[in-house]
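Multiple structures are listed underneath, in structure tokens.
Here subunit A shows up in two complexes: once beside subunit B, once beside subunit C.
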Partner chain A sequence: MPPLGHHLRPRAIGLYKTLHRLGREYPDPNYNFIPKLRSMFRKNAHLTDDKEILEKLEIGEFVRKETEALYSLKKYRTLRKRYVADA
Partner chain B sequence: MLTATLLPGLARASTSSVHASTLLARRTFSTSRVDLANTLLFLEHKKGAINPASLSALTAARKLGGEIHGLVIGSQSEVEQVADKATKIPGLTKVLYSKHADFASLLSEPAAPLIKSLVDSNSYTHVCTGHTAVGRDIFPRAAALVDTSQISDIIGLEGEDTFVRPIYAGNAIATVKSSDKVKFFTVRGTAFDAAPTEGGDCPKEEVKAADVASLTEFVEEKVAESSRPDLATAPRVISGGRALKSAENFGKYIEPLADALNAAVGASRAAVDAGYADNALQVGQTGKIVAPELYMAIGISGAIQHLAGMKDSKTIVAINKDGDAPIFQVADLGLVADLYEAVPELLEKVKK
Partner chain C sequence: MRPSLVNQIRVLVPIKRTIDYAVKVRPAKDGKSIETAGVKMSMNPFDEIAVEEAVRLREKYKEAITKITVVSVGPPKSADVIRTALAMGADDGIIVEVPEKTFADPLEPLGISKILQEVVKKAAEEEEVDLIIMGKQAIDDDASQTGQMLAGLLNWPQATYASKLEFLDDKPTKGSVAQVTREIDGGLGIVKTKLPFILTTDLRLNEPRYASLPNIMKAKKKPMKKYTLKDLGLEEGAKPRLETLKVEEPPKRQGGAKVADVDELISKLQEAGRI
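Take a look at the complex of A and B:
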């Protein structure tokens, strides 16, 4: 996360919170989503250059979208298995 | 190429409102009555065989009831033979056929005006075909000529004017009610059973081709010939991904396994873009949408666009080296292993 006072810090914190909330419900409990999330953010915490930070935020957004889509797909398959005969 | 060919079709669409008003005067019955449906089914064929997606479209059209006329177009030499085959399909009440040299490759430019003239003269209420490359090419143009909006890739029918179709890459299902007088729709092949091809008997009738100068010329079609089942309808599909690293490996690992299981071969977008597999094999949002009994994803990590193309599969099996790959969250059976070891071993056991 960018240092205190940096103008991108709130955005990074927001993304972290969103991913943290998402990660609690990851289908596979052994996946360690949150420890992974934490280490990834820690690894990039020292960045101060806007361009570099935005790049990382972009990746984080991508992970968020993919994870959300993955959840809806998992849900789709689970519901389909339960309610659609012969599916 | 698409934008270039679309332009003349749109220009012609502006004149069709005149025909639409005469059509209205002639058809005074209530359009909500299903028994008065009058459907034109475009039958796609290739090398004398009728495309299974067109047969699925027939199953969908039969739900509407009423008359169903099949339309076969083609070159002088083959069209009669295909029309004869079409008369044997139960469910059709008449087969219309038209021959012209321009029809040989089922291009949209000559075909669309013919559909329009048939809709005008026979006052069809519905026009449909399978959602295939040909259907996707001809139908938008024909629909524009008739001045109606097409409903693509339907997976269900709820009455004569209400259609069910997936949107947002299948993440949501939309129920669409059409207020057009003529409903143009294309049917997803996997959503309806293919109609049988034997047992029916109906008359055939020749219609004259509309005289339209073809602006495009058919150069060639490159099709990867294979004896394997068709990807879109196969009960088993083996897909390979980026992890295969080369086209040779694709041939060495994926294809023998597909042959042993009598399965179709698919590929992820990453594999297609890297040139490991043919474009026609791509499974996913922009490629083919499959719903087999068994889907094996080998060396595919599972980008969401790929998963969207196979989410209706009954059983999904994944083989991937990376245990964290998202495909394992969707797969019913997962194997975390190097595909270069796992696939030959699997092949050996399958052969036994």
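Take a look at the complex of A and C:
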């Protein structure tokens, strides 16, 4: 996370909170979503350059979208298996 | 009371709190119900699709849809799923509180339909309901009856198992005609119906969104009304008529065995009377 007072810090915190919330429902219990999330954010905590931070934030956004897509796909497939006869 | 809005549509979305789709369901010790203690509960996935459809209608037709109300009948904890629906974009919630029930003494679809019928009447006191969107069935008892029974009680048309909803006007108003594509055995059926009507959603209608964190926070401030069965005059009318005798797991799959060669395979098959 960018240092205190940095103008991108709130955005990074927002992204972290969103991902943390998503991670609590990760379908595979053996995948350490939240520890991984934490170490990834910590790894980039020292960045101060706007351009670099934005790059990382974009990666984070991408992960968020992918995770949401993964959840809805899993739900759709489970229901399809249960309720659609020729699935 | 709000002034009557002649040309605008109010949507009601009944939802149910069920055991989460990913949880493996087990019979309870008494053999007449399923284990719910410590089990993750969430909104019935088909109802999520219904909420999503209502929210998409508003995104498409903007102010033509005045209000999206979600209603749930259940124990006080059902408020959680109403909050989830509010976070997805619904405007207000109604919870009809009933005591914590088990599968041995559940509310049946007919009881729920009667409750919903009263809720629709109550809601009409402030603003009439024009469209009811609900899941085709709940993933716990899979009855798939509530929508149809409610349509019967209200004497409204119904479009069940919908996979597509379109309005024929640019801006739907009261009495507008909708064209609904339905999933039926071996194909698709298309029906046309006038508002008000009941729509029950099938799996392919849309993909429900994931509520964002700011919206989850905002949902906590949205209004939620509470009714009891007494308020609706249904203390007796919603009583179940069926008794659950037994709930048990399906028979366990018999394990297979390895055979060394073809002769053994043939002899085993003969033993089993297959050839």
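Everything below uses one rule, namely that the second predicted complex is superposed on the first by the 86 of 87 C-alpha atoms of A that agree within 3 Å, B and C clash if a C-alpha of one lies under 4 Å from a C-alpha of the other, contacts with A are read in each partner's own complex, and residues count from 1 in each chain.
Operating definition for what follows: a residue touches a chain if its C-beta (ideal position, glycine included) is under 8 Å from a C-beta of that chain, and two chains touch if they have at least 3 such contacts.
The shown structure was predicted, so the numbers you read here are calculated from the model rather than taken from an experiment.
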item: Contacts of A:72 with subunit B and subunit C, given as first, second, both or neither; value: both
item: Partner chain in contact with A:14 - subunit B first, subunit C second, else both or neither; value: second
item: Which of subunit B and subunit C A:27 touches, first, second, both or neither; value: both
item: Touching both subunit B and subunit C, residues of subunit A; value: 27, 72, 74, 76, 80
item: List of subunit A residues in touch with subunit B within their complex; value: 26-28, 31, 65-66, 69-70, 72-74, 76-77, 80, 87
item: For the subunit B and subunit A complex, residues of the former touching the latter; value: 171, 303-304, 307-308, 311-312, 314, 324, 326, 328-330
item: Of all residues in subunit C, those that touch subunit A in their complex; value: 21-22, 45-46, 139, 203, 207-208, 210, 212-213
item: Contacting residues of subunit A [partner subunit C, same complex]; value: 14, 17-18, 21-22, 27, 68, 71-72, 74-76, 78-80, 82-84
